[in-house]
Every structure is written in structure tokens, then in C-alpha cells.
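Two complexes, one shared chain (subunit A), two partners (subunit B, subunit C).
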Partner chain A sequence: MRVTFPHMGNLYISVRAMLEYLKVDVVIPPASSRHTLTLGAKYGPEFACLPLKLNLGNFIEAHGLGADTIIMAGGCGPCRFGYYAQVEHAILQDLGYNFQLLILEPPERHISELLVKIRRISGNQSWWQVGQALRFGYLKARAVDEVEAAAFKARPRETVPGSSDVARRKALNVIDRATSFRNLADAADEARTIMANVAVEEGRPVVRVGIVGEIYTLLEPFANLNLEVHLGRMGAEVDRAIYMSEWVNDHLFLGLLKGMRSRKEACAAAPPYLRHTVGGHGQETVGSAVNYARAGYDGLVQVLPFTCMPEIIAESILPVVSADFNLPVLTLVMDEHTGEAGMNTRLEAFIDLLWRRKKQRELESERVPGY
Partner chain B sequence: MKGYLGIDVGSVSTNIVFLDEDFVIRETVYLRTQGRPIEAVQGGLKEIAGRLPPGLTVRGVGTTGSGRHLAGVMVGADTVKNEITTHAMASSQLVPGVQTILEIGGQDSKMIILRNGVVSDFAMNTVCAAGTGSFLDQQAARLNIPIEEFGDIALNAEAPVRIAGRCAVFAESDMIHKQQMGCSLPDILAGLCEALVRNYLNNVGKGKEILPPAVFQGGVAANSGMRKAFEKALGLPVQVPPYYNVMGAVGAALLAGEAVYRAGPSRFKGFAVAEARFAAGSFECTGCANQCEVVQVTEEGVVIARWGDRCGKWSSAVNEQKKIG
Partner chain C sequence: MVMPVKVGIPRTLLYYYYYPMWRVFLSELGAAVMLTAPSTKRVLDQGLKYAIDEICLPIKLTFGHVLELSGKVDYIFLPRLVSVANREYVCPKFMGLPDMVRHRLAGLPPLIDVAVNLRRSGMDIYPAVWAVGRFFSASRIHILKAYRRSVKIWERYSRLLERGLLPEDAMAVIEDRLEKVPLFLENKVCVALIGHPYNIYDSHISMNLIQRLRQMRVTVVTAENLSEKIINRNAARLPKRMYWTLGRRMIGAAFHYLAQNSIDGMIHVAAFGCGPDSMTGELIERQARHCGVPFLNLVLDEHTGEAGVATRLEAFLDMVRWRRDKGVAEGGSQ
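Up next, the complex of A and B:
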């Protein structure tokens, strides 16, 4: 059994860690590229969203590297992603790729539902081993997110253009290579040092931008045309509404680990704008927008794949949030286009807008009463 | 005479303006880009230089539009700015108190909301270019009427027909159906204008507060049928400012004025660039899985700029290229 799974940003680091800890033979598909998209768009249904097409492309490319088993997340709810595992599997079968399919449905009541499935993949290793593997994958996700957060801070302030991304790549590779708990701790330290060594100009003024939206386009840089990097290089310090480790804790561990940001907080902030779940991350998007507004962010960017229903609902609610909190929001719809120029034009104009507003506010607050 | 040049290289047209030292528009050139931005910029520069008095001093140059980076390295621009910022800049100077800008160009459409003279919100079409100038161009060509007469014919409509405006491809088949049923040409053209306005307001104007004074600019503003359709849909007077088709270039020139005020003398290479041999080409980098398409611009055989690479391997290899703000 040679196991593969679709890409979603740095997810592969964490999933590979978990599976290899259980001695499972893993095939990581090549990073999503135009070739992946071409394959996916050729064989996927035209009206499906971008994630399905990239998933398909990932699987076909992984097949070329010898994968014979797919692990894929499932789901239930208004978002059609819940069907994607089955649909993709059926398409692959029609094309003559015979994969075995293992769907990880999110546990509904207890984390043991997930453990049972992972134990099956591992060839019935001990419960202790399965638990440790999960913990190992999770700790890697934490270390990866720490690097991402450091890159968000360094990018708008770097003195050598591009240096924080070189460091980020290096730090992620160090974490990816760790094979035991012990050398993961060392790797995390080394990654921290690499990121801390990026030369930055501390006092450089930046605008703060929160990125909200659908999880796949949020986490996969190929799908969002490197949104975070572009924003960072234009002088914006970015934060994103969903980090991989938070998502793992929320959806796979059912919020078992305390003391970190969770979807509950985001959803709790959504009323009165949106009082119930609409599938995907629609409610989280609205709630995160409110939370970013309260935290004093200068602007928000919403990303979604074309035709994404939950985010379209959120998109139509965001103008009200934007007006109430006086916070500009830019919505970007991602599809099969790979030209970054159009997106850059919009981002550049948005950052200009944020700067001019910020300067105006500063001028107003500098005015001394009586003059 | 001393003054500032603004160059707007769009998908359909390339516009060049010259403002004097008091930022008064002295000369404008409007050319079709025809898919050859380098030739368009050179032709435009030659033309404007010929029309302006000799002994001219250019104190600053700004570029904008989708070809702004290319034009920027060609002429040695002092500022390279996106078209949203430049359009807002120009309108707020030329139409005092403007609160809403409706702009439809060749391949994009945008709405800019200003409050107290500052951009407070904007939107631009994403994913699809339905309802922009190129589509009107194409339909005019199909009906064999010059694009310049499109608007006036539409104004003669008695009962505009309903045309599906969601998608340009569907709009075209709907139009053909109506035409074969025997609807009159003015009614079809007016119906098309209304469909495009509906599409624009639903997609670009979604959720925005549209307050007067509202201006309509960009190449499509020449179409009086579109202006009338906007007024009908919004229930507001919509004005088309003078220089509506070169507003981006005007904004770029104004920003060039700001840029040289801050950063000192202009980097303008002179009107001689109109005669230089420029070439642009692209290649796919095979260094990693990103397979970036790298664009390279040469002047007299020397590489003057590269872009498109995510890692910076190619763009940073060009020493002369300075960061233009």
C-alpha cells in the first residue's frame, strides 16, 4: 500500500509526519502547478470548484509516482466538498486509475472515531502508537504555523526583498525532515532561529490585513496566486483566519486542546450578522471579520473559489460588517486563471486605499484641540 | 514649457497626456494598443512630442494600466501605479466633490467610491470580463456598425428589448434570437446597454452605496447609450467628464508630480525612447515546480527588466532595475 493525499499548503508536512511515524509508505504528489491544474481541469466537471480540480491533478500526478491508495477528508453539510472524495474517486476509476479510497470523515462525537480509521491504515498498530503519531503530526503543524506567522511579520519589514521567503522555505524543510519527537523539538528551535535571523527594519510602518475565506484557497498558495507573499511585499502585515493546527484541533480533535484560537470564537462573533452555520467556513468568515475589526486591523481580504456557496453568503453579508466597523474589505474570487497581474492591480489599489485612510486618521488624531 | 507626462497602457487603448506645471491638461493622445504595447507607447510619445512646443522639459512621468510595468521601464517612470488609484486621483481633481466613479474599460470594469476626496471603497470585475468594452466592440463589428455610432443608434430606441446580461456569450445568443425575431436595431442596442449596466451593477456594484455626484469614465463612456442606461438604472444624473477616456493617464501624471516632489529629479529617459529598439519576450523557468513565466524586456539588446518569477532569481539579476514607488 502506497498512500497519497491531496495538497493544501503545508498540510503535507503534518500528514506525512503522522503516516511515516506509523511506518506507512507515503507518496507526496508534486507541489500543485499549472500542470496539476491542466490535468484537473481536463478531467474534472467544469462547474466544480477549483479545489476539486487541483485534488484530481494531485492524484493523477501521485499515481505516476506509484501511489495506489488515497486518503481524503470527507464531510457532511451544505458545502459540496463532502462528496468530493467519492466524485474524484469515480472520475479516476473512469480514467483507469485504480486507487483504493480511504475517507476520513470528521468525527462527530469522539476522537476515537478518527483513531479507529487511522489505526486501520497503519495495519493495526497499537493504540499508543496511533495516538503518538497523531500527536507527532499535530506538533509539526504547530511548528509550521509558527514559521508562517514569523514570515507574516518579517515580509513587510525585510531589508533584502525575498529574504523572508528563502528563510521560510528553509525552516519548513528543517521541520519536514524531523523524524522523532526529540529531533522535532530541535528542528522547531532551528526553524525559529532561521526566521529570527531574517534582517528586518523594525520601525518600518506597515498596514495590517486579515485574510478570511474558504480554507483551501486560504491555505494553498497555488490556488490563491501567492496572495500572502504579494500582500507582504507590498508592505502589509498579514494574519489569516485559519491556521492548519487550529483546523486540526477544531475538526479532528474536536477542540480537545485548549488555549488556542478556535472556530467557536469565530462563530460566536458572527451574530447578529449570521446566526447559523451555512456550510464550509461561511460563518467563520463573517465572525473572523468582526474579530479582526475589533482587533484594529486596517483591512480585510476575503478569498474564495469561484462558485463557493458558503463564501458567497458571507460575501453578501460582509458589506454590512464593513460599514458598521468602517473596515474596507476586498473580495478575490479564485478560479483557473494563473495570471497574477490582475490580482496584483487590485491588491495594490487596496493597499493604497488602506494607507491613505491610515494617514488621514493619523492627521486627524494629531490635530491639537483649540487650533 | 515644463510639465508632466502620464501614460496609460490598457488592453484596448494607450493614452498619453501632458500636463503643464499647474497641472492643466495641455495635450492628449488616444491610440489603439492593438496587442502591441511597445509600439503603441513609442507611437504615442512621437505624436505628443510633435504636437507640443519645442524646448519642452518633462519634470516627471507616471505610468498606469495593465501595461504599466512595461511602459515604466521603457520610459524611465517616476511612478508606476494601478489604474484604480490613478482614476480616483484624476476624477477628484477634475470633478470636485465626486462620490462615485463608474469606469468601464476594454477588459475591466470598476467602481470607485470616494468620500471627502479619498477612496473609501472600490470593486473591480473578477473571473470574467463580460460587459466590458471589448464585448461592445465585438457586437458592433458583428452588426457591422462603427463603434462610434453605437450609442447614438441606441438612443433612438423606442422599446429596449430584454437581453440576458449574465454572461457575454449568453448575451450574444440572446441578441441573435431577438434580431431574428425582427426586433429593431436601436431596440437591441439599447437592450444590450441595459443588460451590461445590470450586469455591472450586480457584479461590481454589489452592496456599494452609490451617491451623487457620479461620473462615468473610461473608453465606454463615449457610448451615450450606456450613459443613458446608467441614469435609468440608478435614478441619478451621471456626468461624463471631459477627458473621460484618458483619466488614467491624467491621474498618472498627477502622481508623477507628487513623486518627483518627494524623491527629486525625474528618471525620464527622454523622447528618444520612441526611436530605440525595444523587445519583450517570455520564457518558462524550469528551476522548480512553480514553472514561472518570466518576461524579459530588452533595449538595444540589453536586458533592462525582468518580472514574473516568484523567487526573484531572474528579476534580481537585472542590476539597473531600481524599485519604482
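Up next, the complex of A and C:
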């Protein structure tokens, strides 16, 4: 059994860590690329959302590397993602790729439901081993997210353009290579040092931009055309509404670990704008937008795949949030035709607008009353 | 005399499933029900102005219908239909519809946007019934009576559909305004029309598809003509439970008609930008191909031209007829 799974940003680091800890033979598909997307768009349903097409491309490319089993997450609606695995499997079968399909449905009540399935994949290793593997993968996710957050801070302030991304790549590789818990602790320290060593100009002014939206397009740089990097280089300090470790804690551990930002806070901020969950991260998007506004951010970018149902609802409502809090929002819809240059132009205009507003605010606050 | 409270219902979305029930429930409680007129280009254009571009056609149309009611009624009945069946959802857009409408359309009358969520248990209908009833009556017994009556009517409506009537005809029978009983012609060709009820039965967005097919001497069968039992038995052939109610009905009906060999062709109608359609449509099309049944996929949006659809229909039916005649000549086994 050679196991593969779809890409979603740095997810592969955690999942590989977990599976290899359980001595499962893993095939990582090549990083998502134009070629991946072309394959997916060719064989996938025309109006399916972008992640499905990229998944499909990932699987076909992994098949070329010898994968014969797919591990995929499931879901119980109402977003389309819950039915991805079945549709993708049907397409692959008709194309003549014979994959075995292992679906990890999200636990409804207790994390044990998930553990049982992971144990089965591992060839019935001990519960202790399964639990440790899960913990190992999760700790890697934490370390990865720490690197990402450091890169968000460094990018708009770096003195040598591009240096924080070189460091980020290096730090992620260090984390990816760790094979044991002790190893990982050292690797996380090393990654921290690498990121801290990026030369930055501390006092340089930045605008603060929150990125909200659909999880796949948020986390996968190929799907969002390196949105974070572009924003960073234009002088924006970025924060995103979803980090992988938070998502894992919310959805796989069902909020077991305390002290982290959770979806509950985001959803609680959504009314009166959106009073009901709408599947996916629709309500979280609206709630995070409100939270970012309250935290004094200068602007928001929403990313979503074309035809994404929950995010379209959020997109319908965000203009009201934007008006109420006087916070500019830019919505970027991603599909196989989106071009990087076009997106860049829009981002530049948006960042210019944020700068102008920021300077104006500063001028106004400098004015002495009665002067 | 007190003027009755006027409640407006937009003629879109799940109107096609539940209107007979809603009408009886609300009028038993003393409300005057006002239904919007059938969709027109003007109504749709109005909706397009206020809905965002990316959203699906039926929601844009709903915006138009809601605007039609603005200023004419005291309340707009727009329940938040989260789930109408155990462990299923309708669609995310139904869950967010009242919020979208409220935030994008200004100056509307108050919405009756009570959440209906039967995902965990069918008994959860009662909180919704009380919440709607409270707008009109303080008496629980009164509300319960009205609800019971409305369920009776809805059951009768469902039986009429199963007997082969299409929603508009069945509603006409129930409301006693049918001038002539629909006549079932012995047509030679039978086509299954698979799509969301609010797309295939709305004569404007479907561009009169059903009438058009009937004029071409085609018998039209839809998911609504099948009992829930048949639909569920066939939908169970999927590797995983289908969690969209309308998607399950479409898949179950399509698989049934394809397995029965009683149809000569299948037309799948999807709305541009519809999420569930992109998944269920794919599964249905693959099944149709495996079964060797002619399949036409129509994607409708606000730009679809009537002439283009007519041409594709004609070509499709020519092919269906040709195949059938050829099959008959060769001994009937195709």
C-alpha cells in the first residue's frame, strides 16, 4: 500500500509526519502547479470548485509516482467538500486509475472515531502509537504555523527583498526533516532562529491586512497565486483567519486544546450580519471580518474559489460589514483562469488605497482641536 | 372589521414543494396570503441588480420576487430552510438567504425568517411552527389545528404529484381552479427531466421547457412523480449518503429512470453557479453514459438564449427518436 493525499499548503508536512511515524509508505504528490490544474480542469466537472480540480490533478500526478491508495477527508455537508472523495473516485475509476479510497470522516462526537480509522490505516498498531503519531503531526503543524506567522511579520520589513521567503522555505524544510519528538523540538528551535535572523528594518511603517475566506484558497499558495507573498512585498503585514493547527484543533480534536483562537469566537462575532452557520467557513469569514475590524486592521482581502457556496453568502454580506466599520474589503475569486498579473494590479490599487486612508487618518489626528 | 395581516410569499425556491402547505397554514391563522406572479424578465432583471454576480440564478430570481412584494405586504414569508429531512441539508444558500436578503435589499417589510432545521429530528418542526404561528395567533391550539390541516393538504398534494401531475397542475387541482383535467396523451417519446424544482418548473428560467417538450409530443417525467420510497432505494446505491435533500431526490430519480429502461432520454437542468448540481450532475451523467441513455445537460443562466435552447432540444429529440426507431427495427433491445 502506497498512500497519497491531496495538497493544501503545508498540510503535507503534518500528514507525512503522522503517517511516517506509523511506518506507512507515503507518496507526496508534486507541489500543485499549472500542470496539476490543467489535468484537474480537463477531467473534473466544469462547475466544480477549484480545490476539487487540484485534488484530482494531485491524485493523477501521484499515480505516476506509484501511489495506489488515497487518504481523503470527508464531511457531512452542506458544503461540497464532503462529497469530493466520491466524485473524484468515480472520475479516476472511469479514467482507469484504480485507487483504493480511505476516507476520514470528521468525528461527530468524539475523537476516538478518528483514531479508529487512523489505526486501521497503520495496520493496527497500538493505540499509544496512533495517539503519538497524531500528536507528532499536530506539533509539526504548530511549528509550521509559527514559521508562517514570523514570515508575515518579516516580509513587509525585510531589508533584502525576498530574504524572508528564502528563510521560510529553509525553516519549513528543517521542520519537515525531523523524524522524532526530540528531533522536532530542536528543529522548531532552529526554524525560529532562521526566521529571527532575517534582516528587518524595525520601524518601517506597514499597513495591516487580514485575509479571510475559504480554507483551501487561504492555505494553498498555488490556489491563491501567492497572495500572502505579494501583499507582504507591497508593505502589508498580513494575518490570516485560519491557521492549520487551529483548524485541526477545532475539527479533528473538537476544540480539545484550550487557549487557541477558535472558530467559536469568529462565529460569535458574525450576528447580526449572518445569524446562522452556512457550511464551510462562511460564518467564520463574516465573523473574522468583524474581529479584524475591531482589532484596527487597515483592510481585508477575501479569497474564495469560483462558485464556493458558503463564501458567496459571506461575500453578499461583507459590504455591509465594510460600511459599518469603514473598512475596505477586496474580494478575489479564484479559478483556473485567474492570472497572477491581473490579481497583482488589483492588489496594488488596494494597498495604495489603504496607504492613502492611513496617511489621511494620521493627518487628522495630528490636527490640534481648535487650531 | 380588522384588516387581515397580509403575508407575501415569493414564487421561487421551495414554493414548488411547500406552497400548498404554507398557504393553508397561514390562511387558517387568518392571514391574507399574497403570492408573487410567475417570473418574468423584469422580475429577474430586478433581482440581478441587487444580488451579487457569483450567486446562482434561482437566488437572483428570488431577490426579484422579494422586491415585487416590497411595500405591498405586512410580512414576507422567507423561512430559513436549513434542513427538511433527517441528516440532510437543503443548500448553504438557503441557510443564508434571509441574511443576504435583509442586508442587500433596503426598506423591506419584516421577514418571517424562522429557521426550520429537521436535521436531527422531524419533531423539530414544532418550534418552527410555534414561531411562525405566534406572528398571527396567541393560541397554541389554534396554531396546531392550522398546522394539522396544512399537513393534510400537503399530503394530498404529494399524492397528486406521485400520480404524474406536475406542481402547477397539482396546485390547481387542490385550489379548485382547474378548468380542464390534464390529459395524458399517448406520446411516443418519454424523457426524464432532472433538475431542481425551482429551475425546471419556473417557466421563465427554464424557458418554458416542459411546455416546449409537451408540444414536441414528449411525455415528461420528473423526480416529483416518484414516491420517496423509490427515490431513497435508488439513492442508496451511492457509495455515500447524499446530504443535500434536492440532490438526493435528483440522483434517486435519475438512477430509477435509468435502471427502469422506461425512458428514451434524460435532460439534466442545472443553474449556472449551482454548487450541488456540479457534483450530482457529474454522477448522473456518468451513470447515464454507463446505461447508454441519451443525455442532454442544459446549464441555464440569465444570458441563456431561447433560440439556442430550442435548437439543442430539437437536435436532442431527433437523436432520441432516431435511436428509438432504430432500436425497434433491430428488435427492441438497445
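Going forward, the second predicted complex is superposed on the first by the 370 of 371 C-alpha atoms of A that agree within 3 Å, B and C clash if a C-alpha of one lies under 4 Å from a C-alpha of the other, contacts with A are read in each partner's own complex, and residues count from 1 in each chain.
Assume a residue touches a chain if its C-beta (ideal position, glycine included) is under 8 Å from a C-beta of that chain, and two chains touch if they have at least 3 such contacts.
Only a predicted model underlies this, so the values are computations on that prediction, with no experimental measurement involved.
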Q: Figure out whether A:R357 sits in contact with subunit B (first) or subunit C (second), or with both, or with neither.
A: first
Q: With the two complexes superposed on chain A, say which partner A:F306 touches: subunit B (first), subunit C (second), both, or neither.
A: both
Q. With the two structures laid over each other on chain A, which partner does A:M8 touch: subunit B (first), subunit C (second), both, or neither?
A. neither
Q) Taking the superposition as given, does A:E46 touch the first partner, subunit B, the second, subunit C, both, or neither? A) second
Q | Superposed model, subunit A: greater residue contact from subunit B or subunit C | A | C
Q: Look at A:S316 in the shared chain and tell me whether it touches subunit B only, subunit C only, both, or neither; answer first, second, both or neither.
A: both
Q) Is A:V333 contacted by the first partner subunit B, the second partner subunit C, both or neither? A) both
Q) Counting only touches as set out at the top, which of subunit B and subunit C does A:P30 meet: first, second, both, neither? A) first
Q) With the two structures laid over each other on chain A, which partner does A:A241 touch: subunit B (first), subunit C (second), both, or neither? A) neither
Q | Set intersection of subunit A contacts, subunit C complex versus subunit B complex | A | 306, 316, 319, 333
Q. Mind pulling up the subunit A residues that touch subunit C in the complex?
A. 45-49, 74, 76-80, 82-83, 85-87, 89-91, 94, 103, 273-280, 282, 306-310, 312-313, 315-317, 319-320, 333
**Q.** In the complex with subunit A, residue positions of subunit B that touch it
**A.** 66, 81-85, 108, 118-124, 126-127, 206-208, 289-291, 310-312, 316
Q. Can you list the subunit A residues touching subunit B in their complex?
A. 30-31, 33-35, 161-162, 165-166, 226, 229, 306, 316, 319, 322, 328, 331-333, 335, 337, 341-342, 344-346, 348-350, 352-353, 356-357, 360
Q) If you look only at subunit C, which of its residues touch subunit A in the complex? A) 51-52, 54-55, 80, 82, 87-93, 95-96, 98-100, 103-104, 115, 238-240, 242-244, 270, 272-279, 281-283, 286, 299
